[in-house]
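After this come two complexes, each holding subunit A, first together with subunit B and then together with subunit C.
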Partner chain A sequence: MGYVLSNDGFEQVVQALSDKYRLFAPVRKKGMGRFTDIDVIMYDEVNHADEIELAQKSDYSFKEFLTPLSETLFYFTESQCREAELPDKPVLIFLRSCDMHAVRRLDQIYLDNGPEKDWFYLRRRNLVKFALIGCTESFENCFCASMGANKTEDGYEFSVELSDDGVRCDVAEASLEKLFQANALRPETFSPAFVTENKVKVEIPKKVPASILKDPLWDEYTTRCINCGRCNFVCPTCTCYTMQDVFYTDNGKVGERRRVGGSCMVDGYTNVAGGGQYRRTNGERMRFKVLHKIVDYRKRFGYDMCVGCGRCDDVCPEYISYTNIIKKVFDASADENKEVSDK
Partner chain B sequence: MKNSHIPFSSKILDTIIHKDLKNPYIPFPSEILEVIKHTEKEYTFRMEFKGKCKPGQFFEVSMPKYGEAPISISGIGKNYVDLTIRKVGRVTDEVFEHYAGQTLLLRGPYGNGFDTDLYADGETVVVAGGTGVSPVRGVIEALSNMPNAKDKYVIAGFKSPSDMLFRDDLKRWADKLNLILTVDGAPEGYEGNIGLVTKYVADLPLRDPANCKAVVVGPPPMMRFTIIELQKKGFKDENITVSYERKMCCGLGKCGHCRVNDKYICLDGPVFNYIEAKEMMD
Partner chain C sequence: MGNLDINIGKLKKNAFRYSKVRGETASRIRIPGGVIDAASLGKVVEIAEKYGNGVIDITNRQGIEIPGIKLTDMDAVNKEIQGIIEALEINQKEPGMGYPSSGTRNIQACPGARLCPFGCYDTTAFAQKMEKLVFPNDRHVKIAFTGCSNDCAKVRMADFGIIGMTEPQYDPNRCVGCEQCINFCRRRSVGALSLVNGKVVRDTAKCIGCGVCVAYCPTRAWTRSKEHYFRLVLLGRTGKRNPRLAEDFIKWCDEESILKIVKNSYAYIEEYIDPNAVEHKEHIGYIVDRTGFEEFFKYIMEGVELPEKAEVSKRLYWGGNHYDHY
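Moving on to the complex of A and B:
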């Protein structure tokens, strides 16, 4: 059932929800962006409706709750080892359709790649429910429609999007109906807004030739890319992590094992003991990353990894366009795909 | 921001011993039964282990506060596994401070490992370089005990005579199968073979290279050139098996570091048929 709420009504709803859930939502941080006087929108815990940024796309993704940039797994004290604690209050994450689609990608890797489920991901995932932020417009660099991630029909407790009177919400979880009803201006039947067309469009090649691995198209990124890894850290589907043990300088008998966000663009990602390293140039690393998003992941799991949020293009300090790379890969694969369609 | 009361879930484990089998990241303690020194930098740690495992699989060896490192199984016994460790990284340096009677923490075994039955019939060649001998030691051991061991060839290459691993094994194997031991370089007066393993592939006196099976493990350039030599000699791609070394933080298909194209070395490998391996590019 759908409802129109005033801003005050929505505040009442958020207040009530925050008793039951820890709420994570995109929050605008004034002046904390990458340049002077530029804001950044990133995920944080909120307790009030007006903290939630509903008008713009977030620069960083929701994944930071499920896969924190740095997460302590164990504490070591002499011969003892203790699993790190996690607050067990349920969590509600506000996110857009592209990110909802990204959840499936995170689940795929952490819960369904190989025989073991990832314990530390699972214990967070089990706490999480979602609130969908409807997209009334497409933002800069979004190409969700091309990736089929523009629309989300289920998996959320309720949706929320800005409207003339405040917000409107589509409530999917029956137990929340009363709360919304009590704080609504009026009921209204509608489906969450979604984007049907983006300015940026890409076509994913169905098949790529083996020669793509050695194609000269990657060469320019060896010099253009500065392997800062920002594209990986903003990507809602990047899941790599690196184990890291630390011990405390004040007491060397005590320490912890963490996992920290990994980036296939950054030095050290493939280093093995003794100095071996696999992808040395940034061009090779770019190939590894891009082909994972649009080719290799699909080969393994049957659908594309990229959800078309465009955050990598938003964040790149060298103005490298990932969508442009996809276009180049598509062009380089023209013959291959022609054969496919001829058959 | 309102700081509501957060109830914490308490999952205190009084020791590191597996109380809850569900968390695959918790290592188990394993006693060091014996330490075998090969070179200044390479020791074999014989670790207490009673579970199932295969040559070519690996364990994550854990040194709390220093980290974890993937180490391949170099030998399997009734109550133990051998882990041959080279002192070249943060974790492995620390492991070398441990002696028989002490414990190390392990997770695993992980990976597919070698199927030694594949090499029972006909001629087989194992080409291994340096620490690449570790993962195939179990394969060579199996070959040396086969009734047709005369048809089995092993080319083992090391940097120099002082870098040789498994000296006692090498002597035993030399009596049972055709062992060609070579070093890249040696001080003057060294009487053994000198030269890269590739040189000795060409000279193998095989009856039927087209049906001969090969196992190749070692540093990437050594593997590349050895396979070229095998192909020149008439080996079929489908008869060649390789094993790959990559960075691995989990061994569970989650951390991503070991991925090559659509393959995870820790899950789908580290042992691959060359038909599959030749399509893989880092």
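Moving on to the complex of A and C:
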């Protein structure tokens, strides 16, 4: 059932929800961007409706709750270890459709990519429910429609989007109906807003030729890319991590194991014992990243990894466009796909 | 029409130049912070074509000089530049009479946080605020603003140099230990960061607050402090006798204190300037050389309440060559 709420009404709903859930939502952080007096929109725990940024796309994604940038997994002493604590209060994450589609990718990698589920992911995932932020417009660099991630029809407790009166919400979870009803201006039947078309459009090649690995198209990124990894850290589908075993300095026998975010673009990612490094140049790293998003992941799981949120293009300090690279790969694969359609 | 009879002292104070070309002068346009609106610049062009020789000088201190103006046209030019004076919000005593003084030089600023990724504050806005406070004042004082420790504005050659700083804020929970901050601090700045147990430690004594770590952090583990801080450097100068770079006075200073300190320095000059100084002009630095820094300190710190974080140098020693004795 759908409801129109005033801002005050939505505040009442958020406060009631915060009793039951830890609420994670995009928050505008004043002056915390890269440059002086520039804001950044990042996920954080909120207690009030006006803290939630509903008008803009977040610069960093919701994945920071499910896969924190830095998380202590367990503590160890000489012969024992103990799992790090995690508050067991349920969590509600506000996110847009592209990010809802990214949840499937995270689940795929951490829960369904081999015989074992990742326990530290699972224990977080089990706490989480979602609130869908409707997209009344497409933002700069979004290409969700091309990736089929523009629309979300289920999997959320309720949706929320800005409207003339405040917000409107489509409540999917029956147990929440009363709360919304009590604080609504009026009921209204609607489905969550989604964009049907973005300014940026890409076509993913169905097949890429083996020659793509040696294609000169990657060379320019060896000089243009500065391997900072920002594209990976903002990406809602990047799941790579690395481990840090830390021994406390006062007692070298005690410490903790930490899992921190990894990036296939930064130095050290492909370092191996003996000093080897599989992908030395930034062009090779770019090739790996792009093909992983639009080719290799699909080979393994049957659908594309990229959801088209466009955050990588938003954040790149060198103005490298990932979508433009996809176009280049598509063009370089023209012959290959012609054969496919001929057959 | 009689022969030329010009009060050169008055001419100079009115921001016209004493030119080597007999009968000519140049009009000096004051542009605090080096930013001028396009319409005013258009007016400058118009004046240069109508009264000057069609050429415009960009000055060393980010001002403009319109050369080739006849001394007899000064009154007319003063009327023409009134719109520019108003657009740039220059303090003035009498409209239509041009600039009321010229001793305190045009206040310089690099583009700062308006444009530059490394700028730690809006240098232009601060320069304009300072201009409002100190102009018109005919004492020879040079003030310059720069956004970060790169000092593109070369403020270390001014009497008062203001260098932007940010105090890097570190959130270890957002740090993945990629070490880009450490590498760029080492390569582009002073090497104040190191990795300890997977997290970054900042040597606060070494850190110069340039913000390079913030600029290169891919995860927002490093962010800028809410407060804008400044390093105030004192009494740098060029010139014949003892050119020298400014020395550090206050690290982690605040805007209000800087405004007060600069304002206070004028009272010190009034008290101690050499009464026989050539053209009544003496750089503060040379006055301080005579009175000692402690007396200067007493004057400029009058009523100044520094933030807790501020680190003050109470003894300052300048270098540079002394060409007046050997």
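Everything below uses one rule, namely that the second predicted complex is superposed on the first by the 343 of 343 C-alpha atoms of A that agree within 3 Å, B and C clash if a C-alpha of one lies under 4 Å from a C-alpha of the other, contacts with A are read in each partner's own complex, and residues count from 1 in each chain.
As a convention for this text, contacts are C-beta pairs under 8 Å (C-beta built on N, C-alpha and C of every residue); 3 or more make two chains touch, one makes a residue touch a chain.
None of these values were measured; they are calculated from a predicted model.
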Subunit C versus subunit B, contacts on subunit A by residue: B
First, second, both or neither for A:V272, with subunit B first and subunit C second: first
Partner chain(s) touched by A:D118 [first = subunit B, second = subunit C, both, neither]: first
Partner chain(s) touched by A:G262 [first = subunit B, second = subunit C, both, neither]: both
Touched partner set for A:R300, first subunit B, second subunit C, both or neither: first
First, second, both or neither for A:S79, with subunit B first and subunit C second: first
Touched partner set for A:F233, first subunit B, second subunit C, both or neither: second
Subunit B versus subunit C as contact partner of A:S70, first or second or both or neither: second
Touched partner set for A:T36, first subunit B, second subunit C, both or neither: second
Contacts of A:V246 with subunit B and subunit C, given as first, second, both or neither: both
Common interface positions of subunit A, toward subunit B and toward subunit C: 242, 244, 246-247, 262
Contacting residues of subunit B [partner subunit A, same complex]: 1-2, 4, 6-16, 22-26, 63-69, 86, 88-89, 91-92, 219-220, 245-247, 249-250, 252-257, 259, 261-262, 264, 266-267, 279, 281-282
Residue numbers on subunit A that touch subunit C, as the complex places them: 29, 31-37, 40, 42, 60, 68-70, 228-230, 233, 242, 244, 246-249, 258, 260-263, 266, 268
Contact footprint of subunit B on subunit A as seen in their complex: 18-19, 22, 45-47, 73-74, 76, 79-83, 85-89, 109-110, 113-114, 116, 118-121, 210, 213, 239-247, 252, 255, 257, 259, 262, 264, 269-276, 278-279, 284, 288, 291-292, 296-297, 299-300
Interface residues, subunit C side, partner subunit A - complex: 113, 117, 119-122, 166, 172-178, 180, 197-198, 211, 214-221, 223-224, 226, 228
